[in-house]
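Same chain, two partners: subunit A is paired with subunit B first, then with subunit C.
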Partner chain A sequence: MTAPPLLEIRGLRTVFGTRSGDVVAVDGVDLAIAPGECLGVVGESGSGKSVTFHSVLGLVRPPGRVEAGEILFDGRDLRRLRPDELRALRGREIAMTMQDALTALNPAFTVATQLVETLVAHDVGMRTGRAARDKAIEMLRLVGIPEPERRIDDYPHQFSGGMRQRVMIAIALACRPRLLIADEPTTALDVTIQAQVLDLLAEMRATLGMGMALISHDLGVVAERCERIAVMYAGQVVETGPTAEVVAAPRHPYTRGLLRSIPSLEDPDRPIEPIAGQVPDPSTLDAGCRFRPRCPIAEAGCATPIGLGEASPGRRARCIKAAA
Partner chain B sequence: MSAAPLLAVRDLRKHFDLRRGLRRLVQGRGGNTVHAVDGVSFEVARGETLGVIGESGCGKSTLGRTILRLHEPSAGTVVFDGIDLGGLDAAGLKAMRRRMQIIFQDPYASLNPRRTVEQIVGRGLALHGDLPAAEIRSRTEAMLARVGLAASHLRRYPHQFSGGQRQRIGIARALVLAPEFVVCDEPVSALDVSIQAQILALLGELKRALGLTYLFISHDLSVVAHVSDRVAVMYLGEIVEIGPARELLTRPAHPYTQALLAAVPKLSQRRGERPARLAGDLPSPLSPPAGCRFHTRCPRAMPRCRSEAPRMTKLATAHHVACHLHTSEAT
Partner chain C sequence: MSTASPVPAAESILAGNLRRFAANRSAVLSTLFVLLFAVLALAAPWIAPQDPYATDLLRRLQPPAWIDGGEWAYPLGCDGLGRDILSRLIHGTRVSMSIGVVVVLASTVIGTVLGLVAGYRRGLADIVVSRVVDILLGFPYLIFAIGLMAVMGPGLANIVFVLVVKEWVLPCRVVRAETLAAREMEYVEAARALGDGAAAIMLREILPNILSTIVVVATFRMASIIIVEASLSFLGLGVQPPIPSWGSMVADGRQFLLDAWWVSTLPGIAILVLVLAINLASQGLRDAFDPGLRQ
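This part shows the complex of A and B:
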């Protein structure tokens, strides 16, 4: 990457206080997204992928707190912003879509109310209801909602799952943000609807020239849509690099394990090899490699702290055997 | 299939009548009856895995439950090992349940949170037959060991387990009576991929070791392709295509099967050659479209598809499709 990144996260550490001590949900995460780039963030439940981006937007609430790290957006550290500065930025420069549109949208208000609210809150030129409503209808049309003039006055429950996701995308994109964080945008959707929504996101990204973080547990979704991916495990990034290279020749044993454990439609007879064991309990982690209890190639050296080192140009992996 | 099939389903239908309150809510959307399963016929041979694939609301879960008589069928017959389940009284049906079991999708919702693992898994043994308590306990333990859990887990409650372990408990519960036929209803959908692979491997192992026959229901085409010998594709309560897994995946005949396959994200990026997407959503099962039910979304719909429902046509041995593109008059 030669262009300065749009978003750069350095050494992010987010913890949640519990009665039995702090649980580190995100531990030393480094990530960067260039302007207009799509970064795929993949990991299983509890890997810290959502918490990482909640931290970016200042959405981590007590007992959680961002303990360390820099979150540079366009060179400005978001952790140093005043709450009102952050509020002005959120929704306008960086927007986020949530996994479950039915819970993310307010069931008691029409789509019109929720879209217009976003526009009025952020856009000085939208003080009048009429202009904002016209703009809202235009956004709904842009995301492919049929008959937007009529549907804008419907409530969220009157839309299907795919259409609801489109409504949420319309709200997120209403202020033409420079970065969209799409958190599991298609997890609740059927595969044909998923394809429609992913197509829409790709189209919107091209139209608006925005950067995007596509968070998903589905390696296939991320691999198909993103130039670069970051694989997370137990609160850390364990591998990053160009998607095609990572999928073709993963450097971290966890990435390799993930790829081998997914049944392939192209080759359904290939045996799948599960990763043994399960994700570690975050309260029992030590300083060494977090994957080593499940790792087939772990050795004594894995108990020492291991950084996210360069494995080859443009690729990094958190493994002492990555350079091989 | 030369030998008699283990399971034969003929023109099975399950319709749900909406109650008055709901009926009012959906007024203007058509009928008052949800045609969840609407005339489904197929056979499953002993030792075979038949995958059932389709999107939410296509009726695949209702199909599995209606076969097991967890739902009373509206019409049609289910014959298991030569016995028509419709002709059985309560005692006869109970006896059949030893031989036909189900593994549910959600390992969080399908286990009673107030029962220990021992009670959950041992319950079937206690209900069927009069085994002494010690025997129930030893069989329960043996079953748990078989699914990868320890005897020390017997006294624990479901909330003390991870999702993958809970699904192992659900599998143990289903298999403890040594059934011959198991409906697997989205058994891995709620699990993370690395755990999903563990459960799929376990289901495969158990099938081989115990000689099981599976009806494997899933929305995930890659998973179904991996576990199934044959695959049935459902759309709005009907089977639109059924055939050997490999053939159906490499030569899908129905435009809906083709669209499903095209929509699955591939690990290898092939930019530029985006296949055509299915437009729109699934129509309401309250008023399925006339003619071919898929014609409202079908990229290759013809005039006759709007009025005339296509019949199942044989394409090759065991490969059948219900589509006018493949009926002789179309060509």
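This part shows the complex of A and C:
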């Protein structure tokens, strides 16, 4: 990376207090996104992907709390900002789309109200009324809603799932943020619509020149659209690097497992191998490698703590055999 | 419509609710009754045939017009002091309706604000509000009201105060519970991610979505409030004579019950009809606005 990163997360640690002690959901995560870059964040449910980016926006609610780490956006540490400064940043500079497009729009208001509200709240050079409404219609057109002049006065339940996801993207992009966090943008959608929404996101990123974090549990989704990729497991980043290289030659056995567990178009006869075992309960983790119990190449040395080491130029992996 | 659309026409939540309500005949009829009482209350001085305060001992316990000894100038007869019962009933509507409306409005606003804050903020605010609610709910309604009225003394303002102190609890509980559910919705999270503050989220994201429940609870409580006011007035702790209140009119007639049944019975019927109408109307409102609450 040559340009200074737009977003840099260093040593992020987010915990949730429970009756039986703190559960560490995100443990020492380091990530960086350059301006205009798309970072894919992949991992199973509960691997800490969403919590990481909720922490970035200060959206983690009690009993959860961000315990340590730096979150640098444009060189400013978001954790040191006052709540009102952070609030002004949300939506304006960093926007986020939610996992479930079907419930992420307020059912009580028309799309027009919700879009205009966002525009007016962040005052993108417009006070009220006509200008904001025209801008809202323009945004809907941009995300590919047909007949935006008419549909803008519809309620969310009158849109299909894919259309609602588009509306949500329109709202998130309304203020031209510099970073978009797309949290599982395609999970609630069927496959043909998924591709449309991903294309839309890629197009928007190119048009607006914004950085993007694409969170997904689907390696296939991320592999095609992102320059770089970060694989998360049990609250830690286990491998990062340019997507093409990581997919072609994964250095961490978990990434390898993920790749083997999806069917291949080039070699349809290759058997699909699921990763044996389950994601560990975060309250039972020790200091050693967290993938160890499920790892096919685990050995005695895996019980010692291991950092995210450089595996080759531009690539890092959290495995003692990563260099091999 | 020139262009055919595959999407049904836009209908707001409110429009849909009102359409369902209009389809319910007993609810609409009851609502008309409630409105009739409201008109009586507003126009009492112009509608009442006699002066409700004018005593005439010659007409003491005069029976209603259709019974021997009655006359049509005093259609429902006269009470123990010879005052026209119909006129006093019409003026009594004012007391019942205005206390009902004022208490419902005040308690709903207070309860909604506290419920929203407790449910959305959680933490200390929730603990304090919820414990106060629990404590107030622990007192039997009438005993609480009688006790407080005895301390404060009777009077219209005091009645309203006492009822509000007890009444805000219910909307508060309901709003808090609904807020707890609503705050976990993705659109609240989305609003937070877009930089909305707590007040904006409570008022713009959560409140509109729980408004129908609040309206239903408020109308249901109105009937109970009218009964409690009548009970307090019956016990002499409420509205003071000579202001006509249905509760005190029932109390006044007690001693003549064997000779002149109409003095107590007619205001009793008025209470019954109004409370029944409000209950039926609010039931219709509930079925239309919040079908989930239907048993």
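Operating definition for what follows: the second predicted complex is superposed on the first by the 323 of 324 C-alpha atoms of A that agree within 3 Å, B and C clash if a C-alpha of one lies under 4 Å from a C-alpha of the other, contacts with A are read in each partner's own complex, and residues count from 1 in each chain.
Just so it is clear, a residue touches a chain if its C-beta (ideal position, glycine included) is under 8 Å from a C-beta of that chain, and two chains touch if they have at least 3 such contacts.
Since the model is a prediction, treat every value here as computed from it, not as a measurement.
Upon superposition of the two complexes on subunit A, no clash is found between subunit B and subunit C, which fit side by side. Once the two complexes are overlaid on the shared chain, A:Ala95 sits against subunit C while remaining clear of subunit B.
Shared-chain residue A:Ile171: touches subunit C; no touch with subunit B. By the touch criterion stated above, A:Thr18 is placed in contact with neither subunit B nor subunit C.
When the two structures are aligned on the shared chain, A:Asp153 is found in touch with subunit C, with no touch to subunit B.
When both complexes are overlaid on chain A, the residue A:Phe109 reaches subunit C alone and has no touch with subunit B.
In the superposition on chain A, A:Leu57 makes contact with subunit C only, while subunit B stays out of contact range.
After overlaying the two complexes on the shared chain, residue contacts for A:Ser283 are found with neither subunit B nor subunit C. Vertex at subunit A: the C-alpha centres of subunit B and subunit C lie 80° apart in angle, rounded to steps of 10. Following the chain A superposition, subunit B and subunit C show a smallest Cα-Cα distance of 5 angstrom. Shared contact residues on subunit A (touching subunit B in one structure, subunit C in the other): none found.
Only residues 5, 7-8, 10-13, 122-123, 185-187, 189-197, 200, 204-205, 208-209, 211 of subunit C touch subunit A when the two sit together in their complex. In the complex of the two chains, the subunit A residues touching subunit C come out as 57, 59, 62, 84, 87-92, 95-100, 103-110, 117-118, 121-122, 150-151, 153-155, 158, 168, 171-172, 181.
By the touch criterion stated above, subunit B contacts subunit A in their complex at residues 55-56, 162, 164, 192-198, 200-201, 219, 221-223, 225-226, 245-246, 249, 259-269, 274, 277-279, 281-282. For subunit A in complex with subunit B, the touching residues are 44-45, 160, 162-163, 190-196, 198-199, 217-221, 223-225, 243-244, 247, 257-259, 261-266, 268-269, 272-276, 278-279.
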